[in-house]
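Paired with chain B in one complex and with chain C in the other, chain A is shared by the two complexes that follow.
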Partner chain A sequence: MSDIVNTVDARGFSCPQPVIMTLNGIKKANKGKMEILVDTDTAKENVSRAAGAQGWVVEDIQPEDEGYRITIRKEG
Partner chain B sequence: MQKDPNLLVGLDVSDDAGVYRLTDEIALIQTLDFFTPIVDDPFDFGRIAAANSLSDVYAMGGRPLTAMNIVCFPIKEMDNKVLRSILEGGLETLKRADTILVGGHSVEDPELKYGLSVTGIVHPQKFLTNAGARPGDLLILTKPLGTGILATALKADMLEGDATRRITELMATLNKDAAQAMEGLKINACTDITGFGLLGHGLEMASASNVGIRIHAEKVPVIPETIEFASMGLVPAGSYTNQKFCSKQLQVDDTVDPLLIDIFSDPQTSGGLLISVPKDIAPSLVERLTEKKTPAASIIGEVSGSNPGMIQFY
Partner chain C sequence: MRNVLATKWGIILVGATIGVLASLLQFWGNPANMGICVACFVRDATGALGLHRAPVVQYLRPEIIGFVLGSFVAAYLFKEFRPRLGSAPIVRFILGALAMIGALIFLGCPWRAVLRLAGGDWNAILGLLGLFAGIWIGTRFLRNGYNLGATHKTYTSVGWLFPLIMAGLLVIMLIYPKIPGEAQSGVLFYSVEGPGSMHAPLIISLILGLVIGFLAQKSRFCTMGALRDLILFKQTHLFSGFVSLAIAAFLTNLIVHQFSPGFVGQPVAHTMHFWNFAGMALAGLAFSLAGGCPGRQLFLSGEGDGDAAVFVVGMVVGAAFAHNFGLASSANGATPAGMVAVLIGLAVCLLIGFTMRENIA
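Right, the complex of A and B next:
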């Protein structure tokens, strides 16, 4: 399967909003690869945990602009 | 800084309230606290805000007498009934605390806030601070932790009605019974657990008392759902901020689940009292707290003479 990347842009939102957006994205995608953009350390940590709790693997966290690009993946 | 021999607890220390001696028998306790809504129901919010504001007086070993409302309210956008309900909730709680509402002040503000300034009294030689903990003391906590994380879950609409009910009642519970349980016993130090969490307020006690504080992680009472929501990423920013702020004075043993550290640094609204009591007094205090049915009456750790100004979780 090719890497179809869904992106969730949670910048500008404070917790728990980025977590809710991530969980909604996960529900919709079910599996595959997803990127979440956040702009606080709290959101970075919480989004990573939210993904982990749903059985997704945090592949990469890259600093980007004033925040982070978090890449998560779940194999089908 | 102003100097006045009658100022017994002031700005120079990080304690719960100011204490000012009026006579050889009476000292005034003054405190102020207000915040944005933590629950949806306005009456409950009023109750919680009042319990939270009164708590600082109880934490000093005092008796609250009078209170004044502080209100920020978006009068153009929000129904007046909401405000009335908040104030009624506050009033109900003041009554339970035998405290009289004497006035207040409100301003128009786009963001709703409510709280109270509470005035109480205490004997000028018998008030409790966070500075008296002694090596060998045991530490007792009177409410379980987790309200910050569960309030975040509530905001995310992920908390069930029953759990919401339980944390609401927990936050609206006065620290009055816990304060009464301490009366007449030799208590070395006391503080209430609020925005800095057990970690931050424990460290304040460690620094002010120049002692080390050791907390047995497994003994700390935690609201049942907290771990689950913490592992799901519903941790408030304040928890991470508290950990960062305290990191240099914090020591965590490998055996402690890192999730528990998030809970220990979780900002509490209207949290319980953290009491430092001589070891031989601890059983009587626990017995009294249990009799009064405080939400928790747990011995969670001890005070040590080594590592002053540090907190250790083991």
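Right, the complex of A and C next:
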């Protein structure tokens, strides 16, 4: 399996859009690694919480520009 | 840094704090079952500024000022102040106005709905069911791709505007304080009787407002989000805060003897079950389409969200129309004009929900 990373760009969207976009991405990918870009702390927390509830692990959260790059992963 | 207030126990603690403080605000002078009502208080402030002339609901509620400024301080302190705007402002304005009209037909925002329940006003059950129904419709739209589009970053000063307006209102209130028995003080109107005349001392209202604004910004407390996330994601995070608010207010009411159960004769309430339900359904739908309950919109305005500020301005205009056009209910019940307004409001919300969608995934 190639390590192509899906990126969801949820910058500028307020809740619940970032969570909906993340869940759509999770549904499509099923497993693997995904990155989500958000620009508020609320979105960061909500996306992390939602990913966790789907059994994905939040691997890393890096500040980027004015927001965050969240990396989540689920092993097959 | 980990955000303790955004954990499960954090949100429960914040909900409970709001519940206790709301009940105590009643004890210290705010109207019965209305320790905090964001919709009613914005309406009262609208009246204090003379934008509507209903003499019984005019008071520049310091809680509202505190909510925005408390959130502003928290956002700055934790480096979360993000000036942003540009996501369908006119739509948010309309939704704010319609949400206010719906809330004033029920007579309360979601916060007051649970505070009424916690005080034994069973009419609130109909309101809460309506709120649930309205938000449920909103989640159907969200599932089908409804969204108001992205915001963009803007100048820091833009994010300061709304908090500055609030600070300005506080200054006006200090220049023209309430004169007992007088309906006017300088440019401000003050109710001599009715709910607008009932209030805790200014300093207490302001400080508690600041505390709640601070806590709510950090915890992202939102009553609409509570039900929306429950329906949409089966997530109980925000919902646990909403429930803890109700329980804490109920227990505090028992202790200070503010609990009196029943349907009839409840303070600032009416018993038209259908219109309690329908008014709140309109409000719930408008909140969910706009992404936050009135409280949350104030807190977002404090952290730099210009679109949330537009929603609040919409609420002010909605409150003015609600009283100038006789749409708001009274203890006697909903008005014929109010009933028409609910139907028109629901139609407008459905139009917005059906037409504003794109495939963002």
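We take it that the second predicted complex is superposed on the first by the 76 of 76 C-alpha atoms of A that agree within 3 Å, B and C clash if a C-alpha of one lies under 4 Å from a C-alpha of the other, contacts with A are read in each partner's own complex, and residues count from 1 in each chain.
What we mean here is this: a residue touches a chain if its C-beta (ideal position, glycine included) is under 8 Å from a C-beta of that chain, and two chains touch if they have at least 3 such contacts.
Bear in mind the structure is a predicted one, so any value in this text is a computation, not a measurement.
Counting the residues of chain A touched by each of chain B and chain C gives the higher count for C. Residue contacts after overlaying the shared chain place A:I26 against neither chain B nor chain C. When the two structures are aligned on the shared chain, A:P16 is found in touch with chain B and with chain C.
With both structures placed on the common chain, the touch criterion links A:R49 to chain B and to chain C.
Looking at the shared chain after the overlay, A:I36 reaches neither chain B nor chain C. Of the two partner chains, chain C is the only one touched by A:E66; chain B is not. With the contact threshold set out at the top, residues 14-16, 19-20, 40-42, 45-46, 49-50, 53 of chain A are in contact with chain B in one structure and with chain C in the other. Only residues 3, 6, 78, 80, 82, 84, 87, 142, 147, 150-153, 220, 225, 228-229, 232-233, 235, 237, 291, 300, 305, 307, 360-361 of chain C touch chain A when the two sit together in their complex. Interface residues of chain B facing chain A in the complex, by the touch rule stated above, are 152-153, 155-157, 230-237, 240.
On the side of chain A, the complex with chain C involves touching residues 11-17, 19-21, 23-25, 28, 39-42, 45-46, 49-50, 53, 66.
Looking at the complex, you find that chain A touches chain B at residues 14-16, 19-20, 22, 40-42, 45-51, 53.
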